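So that you can tell them apart, the chains are marked A, B, C and D in the order they are listed, and the count of residues begins at 1 in each.
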Amino acid sequence: MSVLVDGDTRVLVQGITGHQGTVHTVQMLKFGSKVVAGATPGKGGSTVEGVPVFDSVEEAVGKTGANATCIFVPAPFAKDALLEAVDAGIRLAVVVTEHIPFHDMLTMYHYARLKGARIIGPNCPGIAAPGKAKVGIIPNVVFRPGRVGVISRSGTLTYEIVSGIKEVGLGQSTCIGLGGDPVVGTSFVDALPLFEADAETDAIVLVGEIGGTAEEEAAEYIHHHVEKPVVAYIAGHSAPPGKRMGHAGAIIARGRGTAESKVAALEAAGAKVARFPYEIPGLVREMLGKPASP
Amino acid sequence: MSVLVDGDTRVLVQGITGHQGTVHTVQMLKFGSKVVAGATPGKGGSTVEGVPVFDSVEEAVGKTGANATCIFVPAPFAKDALLEAVDAGIRLAVVVTEHIPFHDMLTMYHYARLKGARIIGPNCPGIAAPGKAKVGIIPNVVFRPGRVGVISRSGTLTYEIVSGIKEVGLGQSTCIGLGGDPVVGTSFVDALPLFEADAETDAIVLVGEIGGTAEEEAAEYIHHHVEKPVVAYIAGHSAPPGKRMGHAGAIIARGRGTAESKVAALEAAGAKVARFPYEIPGLVREMLGKPASP
Amino acid sequence: MVKLTEWRGKEIFRRYGIPLPRGRVVRSAEEALAGTETGDIPLPCVIKAQVLAGGRGKGGAVRFASTSAEAAEASRAILGLEFKGERVKELLLEEKLPIARELYVAITLDRAARVPILMVSAQGGVEVETVPDAELLRLPIHPFAGLTGFEKRRAIRALGLAGPQAKSLDGLLDRLWRAFQHEDAELVEVNPLAVVGDGVVALDAKVSIEDDATFRHPEYADIRDDRTPLEEVAREKGIAFVQLEGNIGVIANGAGLTMATLDVLQQFGGRPGVFLDLGGTDDPAKVTEAFLLMARAKPAAVFLNIFGGVTRCDTVARGLVDAIRQVPPAEKFPLIARIRGNNEEEGIAILRSAGITSLHELEESAKAAVAAAGATV
Amino acid sequence: MVKLTEWRGKEIFRRYGIPLPRGRVVRSAEEALAGTETGDIPLPCVIKAQVLAGGRGKGGAVRFASTSAEAAEASRAILGLEFKGERVKELLLEEKLPIARELYVAITLDRAARVPILMVSAQGGVEVETVPDAELLRLPIHPFAGLTGFEKRRAIRALGLAGPQAKSLDGLLDRLWRAFQHEDAELVEVNPLAVVGDGVVALDAKVSIEDDATFRHPEYADIRDDRTPLEEVAREKGIAFVQLEGNIGVIANGAGLTMATLDVLQQFGGRPGVFLDLGGTDDPAKVTEAFLLMARAKPAAVFLNIFGGVTRCDTVARGLVDAIRQVPPAEKFPLIARIRGNNEEEGIAILRSAGITSLHELEESAKAAVAAAGATV
């Protein structure tokens, strides 16, 4: 068992006829994902890299049994694409699109929840379980099957870290890039229980950033519910505070949101916190009780 | 086990300080219901018939453990009252108020569903399980504990029929008045499985009306899922067709919605259909294999 | 349900930016003449009786005119006609457009699914009930998502539109949805929706507004083109009142019990005339008013069938006794009463003191009412 | 985030019907004189510098005037001042009101709960972060329910308002919520919200609009009062660009990797200056533009740290080589490059052909960048 995706995942690509859609369809196929359909209004009947394209998600699901979607459509239309997927019965939606207004994402999130669907993203690299399936855009080269689960708010930093794990001879069970937008469909707290329950995951790497309080909430969850070893890294401890605007954000954060707050919370929860990305693989080895690689 | 209410039901009355709210609080108390709180904005701190009144539902729930509500507030404010109850954690809401715009009820229904709460009504007499609890306005005098479950779209006609069941020496397990509005929180199809599963119900009486297709849908459900004997009555087979307005309603109905359609569907599903209300008790006896009362 | 005539529906459409033919409503042949002469109403034009009933085309309530004189003459011919029970008092005169295709579009409530539903068909301009299911697309609109782009695309594909016509329909659907929501409509229907040139135009408009929502739409509260005078009086007093063909007046409380009462009366050969649903009340004066209203309809007999819940039996009995005293001897009629439920004993006692017997069983009471009405015919 | 100055925020408030003091924005002492003389701006009045930073009262950026001459004088004194790094170019002159109480009201996003949140406090007019939790009410607003009556009642109770003042606040909350939704705001904040007579008045306005929503609000796209000129150029080219105090230029892709790069540089004693997030691109020309933009900031050294995903290594390498050719010899600076990920080999080969070595490890690259920058200072 991997997390959320496996060999039965049948991927639909919304916006497959766009440049990114096509490029990443090829990459997903190379990874070994079953990309069974694409959807682009008005392009039904064509194919992209051998994948049949449909005018609507409903048709794509009906004809191909797609059960997960990867959304590349431009921000102004992303909400509609997600609602269409959820209404057609899709239960896992990876939203790669960036710059989606959070007001739209609020509707997307709560509507998906109402219909029992999960969103990963938006503005995210997606999810991949090496040897099984990838839904998203994480470069194939960084992966190697293994027993480390990775959950990250970042994009390229995730690649960096996943690649580092591979380079020391370890591998990944499943890697989820949650996306760094203000409102995400799946947060650390939503993803942690999946990895904790996953029989193929021995250790969890959590990659956070400054801002928001998702890492503090993750620490709280880890403290109470996670038995597996957790290695964390928080990017941005050297970043300058942004120009301030109003007080509302500060009220919500109440002193949380800084790198110090996140690191302290995670350490108090029993996680090992790396100061720099390249320290992560070593800490994972250490927590798994494995010797350093040759 | 009765259906939806029992001895643990702790009733909140929203709009308790209004005339109907007060009158029916007295009746619910006489029935034996645990009416633990009232809520009327601005009237917090007072009492009605010994029941403490709070300014907000949140406070009422927090201080009294209310787990069901009976809503009497006027139509323009009913949506707000329901949302307040649901947000405060109430999971069963009987909405007695009539004349709530269905556009409001759409929000009420879907919001309650999102939060895992059930609405009975609006514009309904509510629910009662003799000897246990009543949430609503059905006259106490018509009840007698027994093993006949009653589900009805009507108000006073329900009283007539429930009373008739009592007069032949039978009694009721639970009676639900669903309300006759275009959008109801609980329909026949929602209520039937509860009675089918209820160990205290031996037979089900279904009281319908012309218009809509709720009875046809109930027949479909009965056909596939209900083992217990069902006696049905459809009011309005002599009513003249209303003046027509547009074709949309006719398209949705597609020939259903008439008394003939409903009776035929119910009979095909194995229900006994009474031509007149006063035939119901006899048919129930018959289906239960009981002799006529002395 | 507040049913609006075509021109009132189109006034709403106009506010929401839905494309319409040019033209306006007139109430006399002179207005038709002047309107077409000034160009307010372009020629050639269509002249349509503003009545609620359907089938105006076949029924002679729609005519065409090429000149002002013809428009005036056609208007004179239609005004004052009785069409399916409605007197024609208003006409809508509109430009005649070069129609390429006639479509059907409507939004209404799907009670079973508890969502609004968009329905479209490429076969517009006909009675849509006759269109086969396969030719009609139904699209549920979740109230939390609103009308989505993908639903509109499905509608547009089903209607076979493309390019600027598709864009025009897309905009119309958004506007129709906004009108449905913001006006608290039960129905917004466009049949036919005409394809004209590069766009779509609403040739007809059927809009009905929810009665219960008039508290936030007072502008609709007074629009009632479909009531008899007695029904109008009843409405003002908050009593549901319907006039049928028969001679037995029925006073009951609650729609279900009222319908069941009619069912039973008819079973025994009775012909229900006026029926009147008291609803829930505990004001004796309202009962009195209802009874006096009933008296004005001159029934052969009245059957009062009340099951007391919110409405208590003693309240009804008090109001009834008061009303009977006010009916002049010449207008008296037989009264069969059955009151049951809350405060039953008190109610029966009050009636008895006024010489009225309350019967117990529905069956026997209905038979008695039929007999009484028959005796006086 | 498009941050709006007070007067722009109040323009929005005005459109939504939120009560405001009378007055207007001026850009010169002459305008202040004329405005107060005509009564456009009632006297006595408050004169407030239109800058984004907080703490204007304490910082001397707010003054009062009783006469037109005083207003002109105060305006002259404030205009042109530098306040926390911002030049004062505009003033808002408003009537001085008899304030009974100062409250705090705001709506923003609660990221963790994924709902908008209404926050109110009876302690307005101060830095609200300093108000204890118990004095601050937070009310989540579910997007499918909207701001409900019961939430408004809780807010009103918490603020201790009643009668017409409560009604005034109730209306203001509805309008604030509508503004938050319809303008795609990240924040609408009123601090202080003044109780004046029978109602409430928004004395200040802090509004910020979501960057990502400017596709449907083009009116906000050009409002940028908080960018440096180079940042503005970068924005036009779609590149995230931030100027800091240090001397090492950083080009990376993705916010997380960019921040991690800064972290590592600082760890080894480096001082990051400009940092520039390429985001996801596979257009070599965009890489070239980014690099040339960086060159204009005159860094002591540049550290290019790319992990290719959407952005492929060969694309970056091509763009980079092209850019280096365009930098005049006099403006050259040391370049430390590290490119990893998709099409890594091709990228490295392209760089090598231009004489650039791509390093492999983040640690060693960062050390090299710090050393290079130090050497040129």
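Operating definition for what follows: contacts are C-beta pairs under 8 Å (C-beta built on N, C-alpha and C of every residue); 3 or more make two chains touch, one makes a residue touch a chain.
Predicted, not measured: the structure shown is a model, and the values here were computed from it.
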Chains touching both chain A and chain B: C, D
A-D against A-C, pair bridged by the larger set of C-beta contacts: A-D
CA centroid of chain B to CA centroid of chain C, Å: 27
Centroid spacing, where centroids are CA-atom means, of chain C and chain D in whole angstrom: 55
Chain D residues counted as touching two or more neighbouring chains: 142, 144
Residues within chain A bordering two or more other chains: 107, 110, 114
Contact set on chain B toward chain D in their complex: 41, 55-58, 77, 80-81, 83-84, 87, 107, 110-111, 114
For the chain B and chain C complex, residues of the former touching the latter: 20, 75-76, 98-103, 106-107, 109-110, 125, 137-139, 141-142, 152-160, 163, 180, 182-183, 187, 207, 209-210, 212-214, 217, 233, 235-240, 243-252, 254, 275-278
Chain D - residues contacting chain B, complex: 142, 144-145, 148-150, 153-154, 157
Contact footprint of chain A on chain D as seen in their complex: 1, 3, 52-54, 106-112, 114-117, 119, 127-129, 133, 136, 138, 142-144, 181, 184, 186-187, 189, 191, 206, 208, 210-213, 215-216, 226, 244, 252-257, 259-260, 262-267, 272, 279-280, 282, 306-310, 340-342, 344, 361-363
